[in-house]
Amino acid sequence: MPFQPAFQDIAHLGHVELFTPKPEESLAFFTNIVGLHESGCQGDSVYLRAWGDYEVYSLKLTAAQTSGMGHVAFRTKIAEVLTQLVDYLTKQGVTGTWLDSEYGHGPAFRVASPDGHPVELYYETARFVPPPALAPGFKNQPQRYIPHGIAPRQLDHINILAQDVQANRVFFHELLGLRVTEQIIFDDGTEVGAWLACTIKSHDFTITQDRSNARGRFHHLAYFMDSREDVLRAADILVENSVAIETGPHKHTIGQSFFLYCYEPGGNRFEAVAGGYLILAPDWQPVVWTQAERAKGQAWGLQTVQSCHTYGTPPVE
Amino acid sequence: MPFQPAFQDIAHLGHVELFTPKPEESLAFFTNIVGLHESGCQGDSVYLRAWGDYEVYSLKLTAAQTSGMGHVAFRTKIAEVLTQLVDYLTKQGVTGTWLDSEYGHGPAFRVASPDGHPVELYYETARFVPPPALAPGFKNQPQRYIPHGIAPRQLDHINILAQDVQANRVFFHELLGLRVTEQIIFDDGTEVGAWLACTIKSHDFTITQDRSNARGRFHHLAYFMDSREDVLRAADILVENSVAIETGPHKHTIGQSFFLYCYEPGGNRFEAVAGGYLILAPDWQPVVWTQAERAKGQAWGLQTVQSCHTYGTPPVE
Amino acid sequence: MPFQPAFQDIAHLGHVELFTPKPEESLAFFTNIVGLHESGCQGDSVYLRAWGDYEVYSLKLTAAQTSGMGHVAFRTKIAEVLTQLVDYLTKQGVTGTWLDSEYGHGPAFRVASPDGHPVELYYETARFVPPPALAPGFKNQPQRYIPHGIAPRQLDHINILAQDVQANRVFFHELLGLRVTEQIIFDDGTEVGAWLACTIKSHDFTITQDRSNARGRFHHLAYFMDSREDVLRAADILVENSVAIETGPHKHTIGQSFFLYCYEPGGNRFEAVAGGYLILAPDWQPVVWTQAERAKGQAWGLQTVQSCHTYGTPPVE
Amino acid sequence: MPFQPAFQDIAHLGHVELFTPKPEESLAFFTNIVGLHESGCQGDSVYLRAWGDYEVYSLKLTAAQTSGMGHVAFRTKIAEVLTQLVDYLTKQGVTGTWLDSEYGHGPAFRVASPDGHPVELYYETARFVPPPALAPGFKNQPQRYIPHGIAPRQLDHINILAQDVQANRVFFHELLGLRVTEQIIFDDGTEVGAWLACTIKSHDFTITQDRSNARGRFHHLAYFMDSREDVLRAADILVENSVAIETGPHKHTIGQSFFLYCYEPGGNRFEAVAGGYLILAPDWQPVVWTQAERAKGQAWGLQTVQSCHTYGTPPVE
């Protein structure tokens, strides 16, 4: 039987590369305020990880002319699946390029989403080995928990913007096997948002409509906190550091997670998120939200702030 | 290529049947104190579910001479995998029996664990459809959240006792594809505990050593709470209802979850659990705890209470 | 030395009487959704209390033509202080009336605030004695904690509206001895809000400006929750019961408490609140917020919703 | 009418002086792990405070031959009350000494408890004025919240040991006006524990029986956390720093607070505490616990660890 991409062939979201025109300020934000740990640096990039990330990095921060996402990378469940996915993509007419091993992982196959976002697939990776000072007190976590800054546990998900949500949703669902968990479909049939998952989490990857004419833009990346109290504490930390909170803490209707949004100095949106639900049903059917339902705002009635609908990176000229 | 059971072929723990010599008291405990909802009853059994369980039931409570586990059931990821698993088990010499559809799910294949625990595999299921009074305010959850009693979200995991942990771990790992996430191996090489998962949760199914000569016994079933605060609140509710807490609230070293144990009136152990970690690494290697490490007690130093090592159901004559 | 009202002469906020044009719906809201307990009823009034209130009631719900506050009552620290306060008020030209004992407490002296709000002072009270079914598992709390509805611990504070905040603040501060903890004073010198306390809590009684021409109106009453998680849970309970949340959960800038607002069916605003700070300094100086500071919204940047500035009860014709 | 000490004449627990034979390690513990801030140092002492303490210090750490409490200090509600209390104490035959102003506060009157603990009373104090780097984002808190270490909000209470609990309870209640909130009285009439409060908190000062023959010993000092989640987080931080937790996190039966105990390197016991209840009733009657009730352990059934009954500082020869 020929290979068909299936749910969980992609094991998880691996890392994100963010471009920043203010690399020093962005780095200071992610290390001092968010509390990520620096793993290393190469060229114009610094590699960062949260204390619970098992790989060497989950965030690659790259100095650039503007903001936005450099690329997003997913790790396949086994080496063989990477090969099979690449073959499959090629047969489906998706053009891609093999990239040599780089800092923290082995060869990656890079393709573009229908909207032009660079997407990498890889399997071989470098597991983080803590130096003695970071050896964990709890053997089943990758490193010591350091209560410095917001201190999230691990990378949770990203949200890209797309001119055509449906085309991108089809790409990630049908060609990469992600599960579609929730969708927003407006009265005229336009799909304006799609939540997808590699795992039983409610989402690892979100696509929402870009209301500008730009392509390949980025909405946000989210790091996971263990509790909603942690998100509330993060809000205080942001205020104490004069970082404006765009919205929240509040509960997302979609995904039921507890979140807040702010911007890192380079302009990219950052989310601290906790909670949400796990999907055990293997035959889960996407929950589809209507235009009227979305007009009700977030879970407890907070209207979605306008900038959430319009602001993405890089900025539109 | 011939079928080999793989991780995630079993989608999730479906339900547990508990025997109780005090059916009315057990039912009152699970509905009034735990806050589960009764879906229906048939013969000597009552079917119960938590507000977040998507199937018609996660707990079958059956009047019996004594306590213990009637059976545990797992749902496969697709119908085809059920057939393949049954074929595979048969080829491996595991004898089983097909059971007709029963309340809440389709045909199930019943086998015995090496220790004699009845284990069922099924795919076809009945999704819970809420009556109007239980229609959820949040469309992406199966029913309304009713703040009555402890009110856990969903079934989380069970823990069986076994004379030979290793043999049982091999059975669930090699024949059913569960991932081994953590283990306790004593200095003489004896495996005294194995934590396994169908999902990226740190465990859905645990096997620990039975220090009596009995076989097929049960340690506990656990329902999932959204927050550690919920577990703390559950402790108050138990005290207010004169239900003795065996141990906790505390943090498990293994799984890092926050928990408490108590007994339902029929004698079976019940756990309320929150938190824990998700395993994203597809190539996770089991974390192995030594005898010395276990001697340190639970995560924050609380010694594991003796009854946790010795008490199981049904009681040993 | 002649008697001068001092901080802590008033021991605490005792109870509030709310008028409601929809007495049955209001009662259902406070008992089923908020989870208060009915202590008794007399005439057009029902008396309610939270599980942690030590007196027989903290809320008197009275059927009336419209909404609003019937009266607010404060308990003095000793019987003698009640007499002294009454003498003092009389000498200061404040006219009042002694009312006979009523349900739940002894004689009360009723005066009007400068804005016309009925205010009662009393000392003799009826301590709640739990019936066996409500006997607490924890001897140091007045009754059993029943996890039904939002289930707040106790009455926390109220907020009245006034045409002249300053005049009312002076009345409660100078004549009744409440401590002024925080204030909002606009650029033109107008005091638009004053937070006062009988206790070391940041506030027990708030006065904010009524932007209508009405007098004697009511802004909200607040019940105290033990944790911010409880307020988040309350938000879910409200949504599940189709009660619109006016704003929150969020953190108040003033008082630093975590809160949400909604309306009971009779139209009065209800707050669930947790956290906040305690004031140990006996020589605390009021924290004064400027117009510009208030324009920044609540603690994490959420703009105060317009209805919070304009809506009070009873409605303005 | 002659002056009689009354509840709330003492405004609050001001600070504690701890002796430590390992001053550097103790300082590192309180600054790096607990997250207190150093205000200054003089001679053999370092002065520390939590981010929410309004005075210049709440902990004076003094290098000494052994561990134990140097003294405890209480602030009166007004200057006049200090004079009145000193007169009253003198008339009652309590010998004391006026001490000159020292770092952080004005003249203090030092007396000894019946068990020999040095107790100071003062009114004039130095309010903490944050340097620019510590200026708070929230104007109503004394300084910026810095998420470093456990980061408690403020000093909460202390617990001394006494040969004769009753005599000491009478001293603090009758001569200093503290309210007795809870007591443990054994079957033979011996008072083995007394919880007292200067404020509406359930306790600011605790006296428990010293089972050794020593006098003037110390049980623990406690810092307040805003939430129970913060105490759970503190437990992780202690484990990550290899500080053994003596007991907890758990819920105290008395006071209903959520706590954990550990030892600072000098040997003194440290508590992180959250929650508990406020006492609004001005005529609160002490809750008296019997020997049988205490034998049930802490709130959720955890047996009080033996060291809690026997370990105090300084150690008994």
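Residue numbering begins at 1 within each chain, and the chains themselves are lettered A, B, C and D in the order written.
In the analysis below, contacts are C-beta pairs under 8 Å (C-beta built on N, C-alpha and C of every residue); 3 or more make two chains touch, one makes a residue touch a chain.
Everything quoted here is computed from the prediction, not taken from an experiment.
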Along touching chains only, what is the step distance from chain A to chain D?
1
Does B-D or C-D have the larger number of C-beta pairs in contact?
C-D
Have a look at where chain A meets chain B and say same if over half of the interface residue numbers show up on both copies, different if under half do.
same
Quick one: chain B and chain C, Cα centre-to-centre, how many Å?
46
Centre to centre, by mean C-alpha position, how many angstrom separate chain C and chain D?
32
What whole-number Å value describes the gap between the mean CA coordinates of chain B and chain D?
44
Where in chain C do residues touch at least two different other chains?
138, 227-229, 236, 239, 299
Which residues, counting only chain B, touch chain A once they are in their complex?
8, 11-12, 52, 54, 75-78, 127, 138-141, 153-154, 182, 199-202, 226-229, 253-256, 275, 277-278, 280-283, 287, 289, 293, 299
Given the complex, residues on chain B that touch chain D span 228-229, 232, 235-236, 238-239, 244-245, 247-251, 258, 260, 299-302
For chain A, which residues are in contact with chain D within the complex?
35, 136-138, 144-151, 227, 229-230, 233, 236-237, 239-242
